[in-house]
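Paired with chain B in one complex and with chain C in the other, chain A is shared by the two complexes that follow.
Moving on, here comes the complex of A and B:
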């Protein structure tokens, strides 16, 4: 029944400052875009896996395994179409474009994983605070975190509703694609309606507690950069700098690849 | 005269897109420090009036407003909801949707933060308010892990942290079990003693509003009567005419011809003795013996549902059912009761195969739920979920009710006949073409029941069928369920409403921490007040009163039949 995204495990990764986690997320994002060759992508992949392991976020990754699978398969196919190489592999695929597609898929998976690590280890309020301290206005930070907050609410109402409809004999497991999509209607209408209702109460509750009453507000939550944060940021800087330098120096490319 | 805390003058409001005024020409003044309870049937405009006090109307809900609401000199027209928040706190019925922080401390901090209260002061207010509602041990917990009652307490604390002068609570206890309710009322009781706080509470439960200074009765958007709490509660005819629940104790004494009606169990016991009344033991024994005979006849049948050492642990590792053995016999009318989160709903979900046991066994009609599967089991065990809005998705009542029969491959003619038949059974004949979303809550509840009934299940499970309905609607819902039971359906219902159990159940299972604490007829179960209290349950006042006389009686009529002597 647990549907929260934040995993309250208290690992060293959880204790990092939200700003550090946000910067690490952006840093890995940049680093992952520097290489086209999947072999060169391996160090970044290792880095991401290490963070998943340390923060114990695999549970959330496991939860979205179907999404990840669908994304991977469609990404491999799509990037093959949007690039071409010189060495034929089989049918319409070439070795170079396949390499490139694998690389892009890895990039997507890494970025998603980093996002999952970020929200699995950072409380909503910390995330808002991190964003504000990095210069975003409060309302923007609040909007981002609210949309994240919506995910578990919608997930849990989807679960209740699918139970209610299955009790009435709705069978979501059989039939072809069109049939199945039609069968989702009994789920989507109630999910939509209950989400609107919840959002409405949420909005009322927010205003009733003075949201935006004053131009400035105080923050109860305090954040402090510790030594570990600075060390990690220094390492990240090295990693990003090295990635960019390697890219400029021409490493990590695929010979014979044309991409559009 | 001093200036009132809240002055409502000629207030009329109509929601956008509706034809009728939700409230009409309301004039009401609340003195500083007063505790006023707002009562009335569904759709009377109680929540609308509550939303007017802090400016949600007209700022959040759009519509047509006439008249004024002035709170401590501030007109709600001229101040936004956020600006009013410092003066008026509002607690909602839905305890899930009004909490949004990831831990208890931050939930409370949110309000003061918005008003730029310094950090040290916020820390102080967190301590103060958590202690006030008794949640000090939970300060680092995520609100989602709290029980329903604790969530509602947290909502109150988070509003009190703004130090409002007025606190409005809109049906704060509707979704709570009896003891969680008591917890909220205990807080309300402390709040009402504070002279710096004016309290306005919307409430259904007549037993709980005794401590109010005044009660305002609302119907069809209009104030029917405002008066001292005792005076209003003694006016049984008025209360009944509004579709509210009259107090059992008051009803009993009125039938005996008393003029100054006792209202609480204490008063009732004292009045009983004072009038020299006695209970005729033989009559009471006859009542109990009759029930015993009926129960024994049931138990001789082959059980429809049989659980043996049933266990269920959620994938996350939470054990919701820890060894339950029970039988449900054909034709039973069973109530499952227990605290929020005690495992009632998880248990009921085992009955139709939505959840499969992780230990022990459960059979329905002699076969395990696992071998039957949810699709086939759904044919014999119907399950009506608590919230009809989790179920309804069609544009017409006909489509909604015919969904099940169609899925099960019935012919068109037969589907039509079934729909007509089930709609008649739930008292909605002829509504086939209506849009279920435009119906009232009780109407939607009935559509949901009809939709499940339409496949003609042997067993009908109802998860809190009376929650969110007013007394009149609760009665007619349960009368309908009773009728279905008489026609042969086996009924299992989960409920927090103890009077519903007393009035309608023939067998009760009390669940506590995933185990069966008590089972028996309502009379047997309600005699065990102490054990019930452990399960966060409490019999209605009237039954508490008869327990103190040494006999358990479920209805005033029973006690009248057993009472002898005195002047009355």
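Moving on, here comes the complex of A and C:
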């Protein structure tokens, strides 16, 4: 896993305020959950694809293609078992349950894509500054920002340690579930130790720069909502309101579907 | 609950929150492509051993770390969705219950030796009890919400999450805690070494609080599953019947309230006693 997911492209989407991007993410999230029929999901899917294209986030989506593929295949198969319909399709599958499975898979892919667009177009500090401007206390914002920054580093060290342990004969693929869990110990301990050991130095470095000295603080990074942000938010409001209204009015459902 | 807020004024607790979240999220993400149980909702999670261990070692920082780490794991691992909202609270309880209950396990963890390690059989039993209560608490919080929103039935999900959470803890948890405690203690990073006793909630009737936590979590799980199977026709370990039934929702709600009340009754201050003695 590469340590930087931000793509420094300078597209119009990159230039949006982080608050706008966060609200767009949440808005599409809400919109994607309003319909069960995949045909009704198509406008939202088009909207997501448009954002991926404008922001040129394909590269990061391509990076996680294996995870997306595994999730899509398992989602299409398993959601069929978790729902039922009235029109037989083949074997144990019904048309309605297949539609529902496709819809769930589309929803997952859309939400993941929106997450990828958000982190591909927004620097970590902008993202957290956006959250702070929206009311998140800055100490909490710092913790979230630091963990976001550290995840790729920890994941990378996990992969390195995993390869090192495998080269010494650790076999994570065989045995029952209990055996496999036990085999994770040689991975858990080194990753934990290597991550935690510098906490005190990290703390001293922060405090020597005045972190936590005052309840509030000032920021070098300044954010400003532009006309483009407001226009986009207005369009998003219309989209979310329309999605909710259509859902309440009974559109976008699958007739004959029983799901849980 | 006081320490859950007051810890944010301590720089090292903030760093431990960030590190706990990053470690938990990294393990969740790396193993997302493993064995999927419900697509977009959950999968086999070896990383679930971390929250109880983080909770015992880092106190409230471990609880916040579990909550934030799970959300980041959902975001990067492709399972962000309606479940992520209560996934945050559920995972918070997964790290919160262990350290709150540790000193109130009916004498298993003795006064004078309340360090969060597993240097005797009683402490191992105490670890398994708090890990199981935390696993069940996490499960009923998430399953109650996802049943209410008609996404996954309570009986199925509550049992799957409890089993999923507890399996990693029962197998790997005590060993992990035994290996990590001496190092973390040497570095002065145990939460009782970092925080001031005055910043931790004093609590009241802690023994009863611990019983209420067990009743809230385990009782909620058992009673909720029974009601779900009976009134809503759901299946344990299977998708059948109806979710979003008021009977299930109302049956579990008092147990969730009991869990919250127990959180205010339990303290954690007793774990500071060792140094004073």
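As a convention for this text, the second predicted complex is superposed on the first by the 198 of 260 C-alpha atoms of A that agree within 3 Å, B and C clash if a C-alpha of one lies under 4 Å from a C-alpha of the other, contacts with A are read in each partner's own complex, and residues count from 1 in each chain.
Please note the rule applied: a residue touches a chain if its C-beta (ideal position, glycine included) is under 8 Å from a C-beta of that chain, and two chains touch if they have at least 3 such contacts.
On a predicted model such as this, the values are computed, not experimentally measured, just so you know.
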So, A:107: does it touch chain B (first), chain C (second), both, or neither? second
Would you sort A:125 into first (chain B), second (chain C), both or neither based on which partner it touches? first
Touching partner for A:202 - first (chain B), second (chain C), both, neither: both
Considering only touches as defined above, state whether A:160 meets chain B (first), chain C (second), both or neither. first
Let me test your reading of the model: by the given contact rule, A:225 touches which partner, first (chain B), second (chain C), both or neither? neither
If we overlay the two complexes on their shared chain A, which of chain B and chain C does A:74 touch? Say first, second, both or neither. second
Taking the superposition on A as described, I'd like to know which of chain B and chain C A:237 touches: first, second, both or neither. neither
Which holds for A:211: it touches chain B only (first), chain C only (second), both, or neither? both
Could you tell me if A:189 is touching chain B, chain C, both of them or neither one (first, second, both, neither)? both
Overlap of the chain B and chain C footprints on chain A, residue-wise? 146, 185, 188-189, 193, 197, 202-203, 206-207, 211-212
Which residues of chain C touch chain A in the complex? 8-12, 14-19, 21-23, 25-27, 29-30, 32-33, 36, 38-40, 44, 46, 49-50, 64-65, 68-69, 72, 75-82, 150-153, 167-168, 171-172, 175-176, 179-180, 183-184, 187-189, 239, 241-243
Please give the residue numbers of chain A that touch chain C in the complex, ascending. 29, 33, 64, 66-68, 70-71, 74-75, 78-79, 81-83, 104-105, 107-108, 111-112, 115, 137, 139-140, 142-148, 150-155, 158-159, 177-178, 180-182, 184-185, 188-189, 191-193, 195-197, 199-200, 202-203, 206-207, 211-212, 259-260
Write out the stretch or stretches of chain B touching chain A in their complex. 51, 54, 56, 59-60, 80-83, 85-86, 89-90, 92, 94, 96-103, 105-106, 109-119, 122-123, 126, 142, 144, 158-159, 162, 314, 316, 318, 349, 352, 354, 374-375, 378-379, 382-383, 385, 387, 389-393, 403-404, 407-408, 437, 451-452, 455
Which positions of chain A touch chain B when the two form their complex? 1-2, 4, 6, 8, 123-125, 146, 149, 157, 160-161, 163-171, 185-190, 193-194, 197-198, 201-214, 216-222
